[in-house]
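Each structure below is given as structure tokens.
There are two complexes below, and they share chain A, which is joined by chain B in the first and by chain C in the second.
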Partner chain A sequence: MTLEVQNLTRRFGRMLALDGASLDAGAGEVVALLGPSGCGKTTTLRIVAGFETADSGSVWLGGRDLSRLPPHGRDIGLVFQDYALFPHMTVADNIAYGLRRRGRDAAARAARVDAMLDLVRLSGLGARRPAQLSGGQQQRVAVARALAIEPQLLLLDEPLSNLDAKLRGALQAELRGILTRIGTTTLIVTHDQEEAMALADRIAIMSQGRVLQLGTAREVYERPACRFVAEFLGSALWLEGRVEPGGFVTARGTALACAPPSRIASRHGLLVRPEALRIGAAPEGWNALSAQVTGARYRGAVTLLDLLVDGAAPASIELERGTSPPPPGATLALAAAPADCILVPEDAGG
Partner chain B sequence: MIGAALDLAGRVAARVAVLAAVAFLLVPLLVACLMSFDDRSFLGPFPPRDFSLRWYRAFLDNPAYTDGLFVSLQLGVIAAAIATAVGLAAALALADPRLPGREAMEAAFLSPKFIPTVVIGFSLLVFTARLGIYEPMTRLILGHVVITLPFTLRAVAASLIGVKRSQVEAAMSLGASEFRALWDVAVPAARSGIVAGAAMAFVLSFDEVAVSLFLSDAFTQTLPIALVAEMRANLNLTIAAVSTVFLAATVVLLVLLDRTIGIERLAGDVGARG
Partner chain C sequence: MRRIPVALWLAAPGLLLLLALMGGPVVLLVLESLKPFVPGSIRPGEGVTLGNYTELLAPAYLFYFQETFRFGIIVAGLSVLFGAPLAFAAVRSRSALLRKLLLALLVGLLVMSLIARLYAIEMAWGSLGPLAPLGALTGIAPRSPRYAEVQVAIGLLHFTMPVVALMLVGTFRALPPRLEEAAASLGARRSDVVVSVVLPLAAPGLVSAFLVALAMCISNFVVPLILGRGIVTLATSLMYTRFADIGNYPSGAAIGVVMLVLAFAVVYGLSALARRVLPGARL
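Then we have the complex of A and B:
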């Protein structure tokens, strides 16, 4: 089923939670709604689920307008951040709840519960109570319960945020596997970009009630639509300045070669991902930048060198293994290939 | 040295005070209990020398008491049932933080706790008369529901704290209407609160004097009203016997509740359920 969210607005008192948010997901596609807390992603999810109403805008699922349907009439599977398992029911009864509400007979329910327990690799745990399961197991029960009703859309609210870091990696792969196998259109709300990249086909970056960019992980990381997206994902070196014929001139007057902008905007900045920066003199045709060392942070596997690039822009680069960090205050020469220097509009378009 | 001695003296004094308070609470009950088994036909000095069940027989032989007992039991069960059902519905509604005017409504529901029962009794007498309700049992049920409702509401509300809104919403997303979701998810979690509230309502109704005094008539009297009336007419130890029966019934009810749901829950100190 395709999901289309069009121009949602929602005001809570004086706060504009949603300011014309739009996004879409194709049939079977997994889309992540990614943004900082307070960006409106949870409100969007609650409007799609039917627990909140939009002031304007609409939600379409498979060509059906959901706006006037109550939550229980929408056929949407929802996995809550806290899983929201029913503590007084067994795992099997939790999974069967939606089927019971749909009037399926006992045999059909039992068969579906077994299939779902199989899907999430919890076979044999049907008689347990939720409190007897680990956090990761509870999370999978919540997924199984949401999928048991064969929903037209699956909504996941911060699915892995309640798990510790070690477990999260393993469950990410597990969850991605489940989503691929069932092929249900899925919307994931998260503030964790790694989670979004690992689970989703496309990512919608949200800020201040609007979706700024919707694209694959590669698109949003390598061709961000605006400064917010560029700086929100990963780490970024952001140089202010102006576009000149054939390149970019920073506020300090450093001329840099780069590809022409993908979109014409009134103001642009230059984005360089720190992993594209090399320490040392620039080879022929590369851009040269100077930087001042402000500090070093030992992180075990890597040591991060904090820099102030071109006199104004902070950045952190990974130091090569075995090299000792230069002292704070030292000046470094940096080099970046023109292909890695990307012109990005300051503000989101539209 | 002096500091330590003062410390010790303070602790001893505190213990004596606690013991005195406990004695003050329990000794009169024990005296009444022992007197109820007194074999003397008159109200003699404590302690009794011979024991018998004569006052218990007198209690059972007096139709004013037995009728009162029947009325009180009937009233207690009906009032507790209604107050529990209404309290449950109100607690479920008030548990939704988006409900407009929630705090004002909660205050209104809890207000009978703070209004003198004499005032409630008189107001209801006037009000029911105005409505044309003269049947004493109906009036009594109304009055007892009003005074027990705050307790059932509080007991249920306390046990609903452990129910997360997300659980109710999960049930709704799975196909349950809001009512159905509350019934399937919130009510089972509130079971201990419901039982505790119902028990408390029954005990309160069974003990109630002031409201009943206004709303009963000569032919429909609760047991406490019958007791008061009898005490005025002829003071004897039947009252001690009835008190002992009252006490025993309350203790049995409390023990049963403690065994089933725990006394802490009954007192309203309900923690979140995991």
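Then we have the complex of A and C:
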């Protein structure tokens, strides 16, 4: 089923939670709604699920307008951040809850519950109560319960945020496997970019009630639509200045070669991902930048060197293993290939 | 010498207060109930007797206790039946105005003098009151003497329901709304959500509210006094007559002790029953 969310707006008192948010997901596609807290992603999810109503805009699922349907009529599987398992029911009864509402007979329910428990690798735990399961197991029961009804759309609200870091990695891979196997159109709400990149086919970056960019992880990381997207994902060196024929001139007057902008905008900045920066003199055809060392942070696997590039832009780059960080105040020469210098509009287009 | 733990020192003032202020009178009541009554004298006779208790086994007395618990159980049941939907609406209604109005109504009833409410009931539900036809729906004609029972039940309901509803507001507030949303997303209608998720999870709160209402009913004195028209007399009325009218302190004390024991037995029995019926619930 394809999901189309068009121009949602929602106001809570004085706060504009959604300001024309739009996104779409193709049949069987997994889309992550990624943004900082308060960006409107949870409100979007709750409107799609039917727990909130939008002031304007519409939600279409497989060509059907959902706006006027109550939550129980939408055929949407929902996995809550805190799982919301029914504490007074066994795991099997939790999974069978939606099947019972759909009038399946006992034999069909039992078969489906077994199949779901198999899918999430919890076979044999059907008689337990949710309180007797670990956090990771509860999360899988929540997924099984939502998928048991064969929903047309699966919604996951911060699915892994309540788990500790080690478990999260393992469950991420497992969840991705399950989503691939069942092929249900899925919308994931998360504030964790790693989770979004690991689970989703495409990522919608949200800020201040709007979807700023919707694209694959590679697209949004390498070709961000605006400064917010560039700086929200990973770390970024953002140089202010102006576009000149053949390149970019920073506010300090440093001329840098880069490809022409892909979109017309009133103001552009230059994005360089820190991993594209080299320490040392620029080879032929590369852009040269100067930077001042402001500090160093030891992080175990890597040491991060904090820099102030071109006199104004902060950036952190990873030091090679075994090199000792230069003292604060030292001046470094940096080099970046023109292909790694990307012109990005300051603001998202209207 | 062993040192007295600090915790005991800290608890001592509260314990003393509990013993002296609350426990003391009860102990005196028990002692009083074991003394023989000397007619015509407030001072009880010498010696120890169980006579004050054995006389309560007469059918005429047993009737008082049976009536008291009949009213108590019916009214407590009704107050949970009516209070729960009110409380649920006060917590979960979509309209913030309705939520506030309901809470204001409940608190308003609670702070309003019971005496005023009882005379208001007498005016509204009495044999000549505008609501008497509604009272007749119970099957008891407003002109019959037994109609006093309906009025006493309404009076007791007025007394218990705000308390029950406010207790249940706390119960329903403690239920995570996510569970109801999860049920709805799985295809459950609102009524289905209430039956399959809300009520089972609220069961411990419903049972406690029922028991509190029961305790309030069986210990209430003023409702049968004002609305009972001398036709409905409950154990409290009997006790009052013993102490105040006849001056038979030992007998009044014995009735008090019997009520205490019966109330404990009923509360304990009903909680045990609820534990058995609702194995998943924590009571």
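As a working rule, the second predicted complex is superposed on the first by the 350 of 350 C-alpha atoms of A that agree within 3 Å, B and C clash if a C-alpha of one lies under 4 Å from a C-alpha of the other, contacts with A are read in each partner's own complex, and residues count from 1 in each chain.
Everything that follows uses one rule, which is that a residue touches a chain if its C-beta (ideal position, glycine included) is under 8 Å from a C-beta of that chain, and two chains touch if they have at least 3 such contacts.
All of these numbers come straight from a predicted model, not from anything done at the bench.
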item: Fit-or-clash call for chain B and chain C when the two complexes are aligned on chain A; value: clash
item: Which of chain B and chain C A:Pro71 touches, first, second, both or neither; value: both
item: Partner chain(s) touched by A:Tyr97 [first = chain B, second = chain C, both, neither]; value: both
item: Contacts of A:Ala131 with chain B and chain C, given as first, second, both or neither; value: first
item: First (chain B), second (chain C), both or neither touched by A:Arg145; value: both
item: Touched partner set for A:Ala84, first chain B, second chain C, both or neither; value: both
item: Partner chain(s) touched by A:Phe51 [first = chain B, second = chain C, both, neither]; value: both
item: Chain A positions touched by chain B in one structure and by chain C in the second; value: 49-51, 70-72, 74, 76-78, 80, 82, 84-88, 97-98, 101-102, 145-146, 149
item: Residues of chain A touching chain C in the complex; value: 49-51, 70-78, 80, 82, 84-89, 97-98, 101-102, 129, 145-146, 149
item: Contact footprint of chain A on chain B as seen in their complex; value: 164, 166-167, 169-177, 180-181, 184-185, 188-189, 273-274
item: Parts of chain C lying in touch with chain A, wherever the complex brings them together; value: 176, 178-179, 181-189, 192, 196-197, 200-201, 280-281
item: Interfacial residue positions of chain A with respect to chain B in the complex; value: 49-51, 70-72, 74, 76-78, 80-82, 84-88, 97-98, 101-102, 131, 145-146, 149
